[in-house]
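Below you'll find the structure I mean.
Chains here go by letter, A, B, C and D, matching the order in which they are written, and residues are numbered from 1 within each.
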Amino acid sequence: MFFASDNSGPVPPQVLEALNAANTGYAMGYGNDDLTAQVTAQIRTLFEAPEAAVYLVPTGTAANALALATLVQPFETVFCSELAHIHEDECNAPEFYTSGAKLTLVRTGDRMTPDTLRAAIEAEENRGVHGPQRGAVSITNVTELGNVYSLDEMRALCAVAKDYNIPVQLDGARFANACARLGCSPADMSWKAGVDVAVFGGTKNGLMGVEAVVLFDPARAWEFELRRKRAGILFSKHRYLAAQMQAYLQDDLWHDLATRANSACDLLRNGLEQAGLRVITDDHANLLFFEAPKSLHDALQAQGATYHLMSGTEEATIGRLVCDWSIGREGVSEFLNTLQKLL
Amino acid sequence: MFFASDNSGPVPPQVLEALNAANTGYAMGYGNDDLTAQVTAQIRTLFEAPEAAVYLVPTGTAANALALATLVQPFETVFCSELAHIHEDECNAPEFYTSGAKLTLVRTGDRMTPDTLRAAIEAEENRGVHGPQRGAVSITNVTELGNVYSLDEMRALCAVAKDYNIPVQLDGARFANACARLGCSPADMSWKAGVDVAVFGGTKNGLMGVEAVVLFDPARAWEFELRRKRAGILFSKHRYLAAQMQAYLQDDLWHDLATRANSACDLLRNGLEQAGLRVITDDHANLLFFEAPKSLHDALQAQGATYHLMSGTEEATIGRLVCDWSIGREGVSEFLNTLQKLL
Amino acid sequence: MFFASDNSGPVPPQVLEALNAANTGYAMGYGNDDLTAQVTAQIRTLFEAPEAAVYLVPTGTAANALALATLVQPFETVFCSELAHIHEDECNAPEFYTSGAKLTLVRTGDRMTPDTLRAAIEAEENRGVHGPQRGAVSITNVTELGNVYSLDEMRALCAVAKDYNIPVQLDGARFANACARLGCSPADMSWKAGVDVAVFGGTKNGLMGVEAVVLFDPARAWEFELRRKRAGILFSKHRYLAAQMQAYLQDDLWHDLATRANSACDLLRNGLEQAGLRVITDDHANLLFFEAPKSLHDALQAQGATYHLMSGTEEATIGRLVCDWSIGREGVSEFLNTLQKLL
Amino acid sequence: MFFASDNSGPVPPQVLEALNAANTGYAMGYGNDDLTAQVTAQIRTLFEAPEAAVYLVPTGTAANALALATLVQPFETVFCSELAHIHEDECNAPEFYTSGAKLTLVRTGDRMTPDTLRAAIEAEENRGVHGPQRGAVSITNVTELGNVYSLDEMRALCAVAKDYNIPVQLDGARFANACARLGCSPADMSWKAGVDVAVFGGTKNGLMGVEAVVLFDPARAWEFELRRKRAGILFSKHRYLAAQMQAYLQDDLWHDLATRANSACDLLRNGLEQAGLRVITDDHANLLFFEAPKSLHDALQAQGATYHLMSGTEEATIGRLVCDWSIGREGVSEFLNTLQKLL
């Protein structure tokens, strides 16, 4: 009953098989191998973006920070949700990679809206050299509180950025889960919506540690490559990143894994609601927040359910449940059965 | 006949087996898993350093840059060989991670000597605030030109650093090869010689991408952890780094792999010298530089030998041959036989 | 009728006289001159801080950013008012000087309170390496909206910082005005209240461009000197900074200038309130914000009153009036007379 | 007999007069005053560069570092003399302002030659992402050892940079002295020779602390302004920088001061050579290095001559004599008379 994170489950067997298969003979280092060429071509195809520059990096934090550093100058600011991972959970990585750019928080909790985003951009009004300049907008889909922006919402946020002529970066830690939930294509959720640089995350969705950064405008591709190297993020034995991605792309494994995680979360939501508990997340993909008495949380955890608690009171404390690809119907059932017995 | 790099061969089967074995059930993320605890304890034991702080990172560049950033301030300078990887081949990663510290090159080609190191440190004379301050010394063993510093040489270099009260970082990309060549223990080659922070490299010696950074003084361990996270280098699914290292440590695989690579290089050197070619590297471990007419290099490469050429003339061009753990007696024999036929 | 800024008036004659007097013979460069030694000693005396390290820098932005860079690490965050100059008006200078630290905004408008400061620090809860670490608190007195924190308020804010064992920096752009308003000593308003590093601003209060940074704990004095040099802020002909400060200290000119500016602002406030206009600033020193119909602002400006308008409506638009040391009773009277005629 | 530095003398009376004259009434802050507009226009005229962007900053280190930061990316390197002030004497300011770019030293002592510059650029060969990229060339005229590059030499160095399509920055600490010595126009010594960004230094040549940065291509002017603000270098009371520059430009005071300093140095050189001492500097402007027995230096200094000694032996120690604008014929005569008596 492990619902603490989608960073904690095993990887599917296809990943290990691909690593095995790739582990033969010599391969050029630093991304100059055939497998890397193959998977980056596949990603361009998947995103219907034949001109895009595609790079593999090992972590989501590096993916986000490198993408932002390629888009913004040190004297600029990035507009993002006040709960954004880049603000809350990356220990100043964006500030590090951008050489000191700022993050300006859009003050509407988890989701930005076109209005609140616009207000934040407007508030960073034109004060000449005194304030930071408007640099980029960063969107996360699925959001930190587990919500999925619809395509209309994505398009509307990107349209605001375009009004100010600033680019949009998509933090794609749970790109696949959002995509599967929306039933849309990767292109729909990225450049067709107005995204300039997308992260096609693999780590939370079943890989050991690979994210693809997709720059739809390749003009700054070379700069990205230099920044990646300078950050110590360029793998010499790059085929082992590529092999993981190969497995991820094969037969749309990425989509399959995300669908499994989302379906598990559907079951979970149903079970919680049937048990009379309030689910706070509106439009979930593979994670949700729910409210329960502290004593119930304690009892669940005593029975072996592993998940994080947020702040709250005795009567109503919020818990976060994350379904990874591997939790399955059984994992959810075990949790719900345990819950049932405790009610 | 692949002698271009020790970044291009496959990983030994034990690594994949360890990944397989680790791929079961849930594990806490970000290095809080049991396997990570186990391998870092093993490394402390291996280095006879029960107090040391040990961290896994995926690349050698990140290992070096993080280690230096933990040791030096932005207004300081790092003394290193003028051919050091941190200067030549990391696209300003040390400058990035240290927020703009300088590298001061010791001007004696590949190897620093106590005298040339001292001269460089002295030249960065005490000019108050005007020049950069003396920050650290960085040593690489095996060096860029393939030479192994003896323990006496290591101790003498570290003693110079100690004279100026500055710490020593060891770039350990080929730590295992040097250690195997010297027949010494990891402790001998690091803290017993005067090293403050060592990189115990795994990537060039058979892993997919894992290096251990060993801080013998744990005082700045927490700072290291924060810098690692800020750099986007902290793996969420950390067990897959730990598993590789587990395989590497098991039955001293690290030593075995390095010995294989070194032995292959011994054969290679013998063969080259018997063929009347000049080997430039004095004290080789697993790579060497040799001189041959350009036409001979061309003929070798036409026959399928893969390796890098340095600058040179028609009569004498320098080639670099690197033996990785997997090249084996057969790989070397094939090369030498090919050479024999061309003479 | 110039009320736009306290950066726009002339300097008092004493400053030019001091420059003249200092302009004779040779003087050691880079702060090693006698005059610098003299004025830094005077500042230590003024602050009753015989151990303090004192440095002169030419701008307030440099003073703040250097002070913060000496106090916080790149992976930390600085807690400050959401309107703080360091956040709003320094084009990411703190992020630059600290190599990418973050600013965490205390969300209570202009003034922080102990409760809101504590809440912000608590919200940057202990999440291990994931979030930025708690670095420092930055207080501004007089605040951006013109309010003077009382000594009790200062002490209470500093006490919160001490609860979390983080240092306090005082942005002292209008230090003198606050000090004069409070009728307290510089020591009262700084280290006696719990401030670790204070900026004793001179530029807004009559100098051409000199601020003194006072580090009450000299432990990091040398680091400050190196950071100042590295930032290109160390004046070679340092005596011309020192001479200005000499004039500023002579016969408490700094206090006299601030008192003049504050008194002008008293008159202004009285006049506005007698005219039935709402003054928004509660506890003013030398600047205030007031509300008036947009048409009245327009008419005042058409008559030659120079000041900034904030956002607002036709009925109620906010204007900012700043009294510098030179505006005098006449300047204020002229403004109030003009206002009177327009009502 | 003060020959230690051109940072230690008084400023000419015209500078104080200009400060006095400027010290009246209100002036817009941050460079938006009339005087700033006037002097920047004058500098454009002086440089025959009507399109150039011109900015005033208070120190030479800031001028150099800002100029370089505007020209180079963090993953690039700047080619400069191994004795360059930006390398030796700015405590890593270029690395700070450029967010971690490197300096690559041209290894021919004081002066770069086209051949040695080309060799250094070539050595930073094209190794893809591994090494730093070629960023800019920085030239200093007058050099650190007091030599004046001829216009032909300047043009030849710039031509090498152009061959590699990288811009040239001119460290102009003693721009005026070189210009006066060469009898050329500012345009000749800058853009007509191939310089992209020049520093028109004032501080060493008689101002309290003002340098003008001249960007001949204004494309990155706005970026320069933002970087200047971000660095805390933008003066709020900007008129006091502008006033100094106004005095400097009036009746070519800058040229007159430099000529005085150079002429004093001519006398000095003659005197030293007539005394049988070896002058090391080939093509001096206002400073020179000369060789003498250590005992003679000691005797001179005991008599009150103030200047720096470099390393050397008892028989031959090198001394550096710098003539500032104010030393005059009398200052030099006093020194030479003292010398005469000691021989």
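Please note the rule applied: contacts are C-beta pairs under 8 Å (C-beta built on N, C-alpha and C of every residue); 3 or more make two chains touch, one makes a residue touch a chain.
Nothing here was measured: the structure is a model prediction, and the numbers come from that model.
Peer 1: Among the chains, which is located farthest from subunit D on the basis of C-alpha centroids?
Peer 2: Looking at centroid distances, A is the chain farthest away.
Peer 1: Please tell me the distance, in whole Å, between the geometric centres of subunit A and subunit D computed from their C-alpha atoms.
Peer 2: Centre-to-centre distance between subunit A and subunit D: 51 Å.
Peer 1: Take the average of all CA coordinates in subunit A, do the same for subunit C, and state the distance between these two points in whole angstrom.
Peer 2: 42
Peer 1: How far is the middle of subunit C from the middle of subunit D, if each middle is the mean of its Cα atoms, in Å?
Peer 2: The mean C-alpha positions of subunit C and subunit D differ by 34 Å.
Peer 1: For subunit C, what residues touch not just one other chain but two or more?
Peer 2: 30, 74-75, 90-92, 96, 99-100, 129-130, 133, 226, 229-230, 234
Peer 1: Can you tell me, using the touch rule above, whether these chains form a line, ring, star, complete graph or other shape?
Peer 2: complete
Peer 1: Over in the complex, which subunit A residues touch subunit C? Could you list them?
Peer 2: 74-77, 88-92, 95-96, 98-103, 105, 127, 129-132
Peer 1: Across the complex, what residues on subunit A touch subunit B?
Peer 2: Counting only subunit A, the residues touching subunit B are 2, 4-5, 7-11, 16, 19-20, 23-30, 57-66, 90-93, 96-97, 203-204, 208-209, 226, 229-237, 240, 306.
Peer 1: Would you tell me which residues of subunit C are touching subunit B in their complex?
Peer 2: Within the complex, subunit C touches subunit B at residues 30, 73-75, 99-100, 128-130, 133, 223, 225-230, 234.
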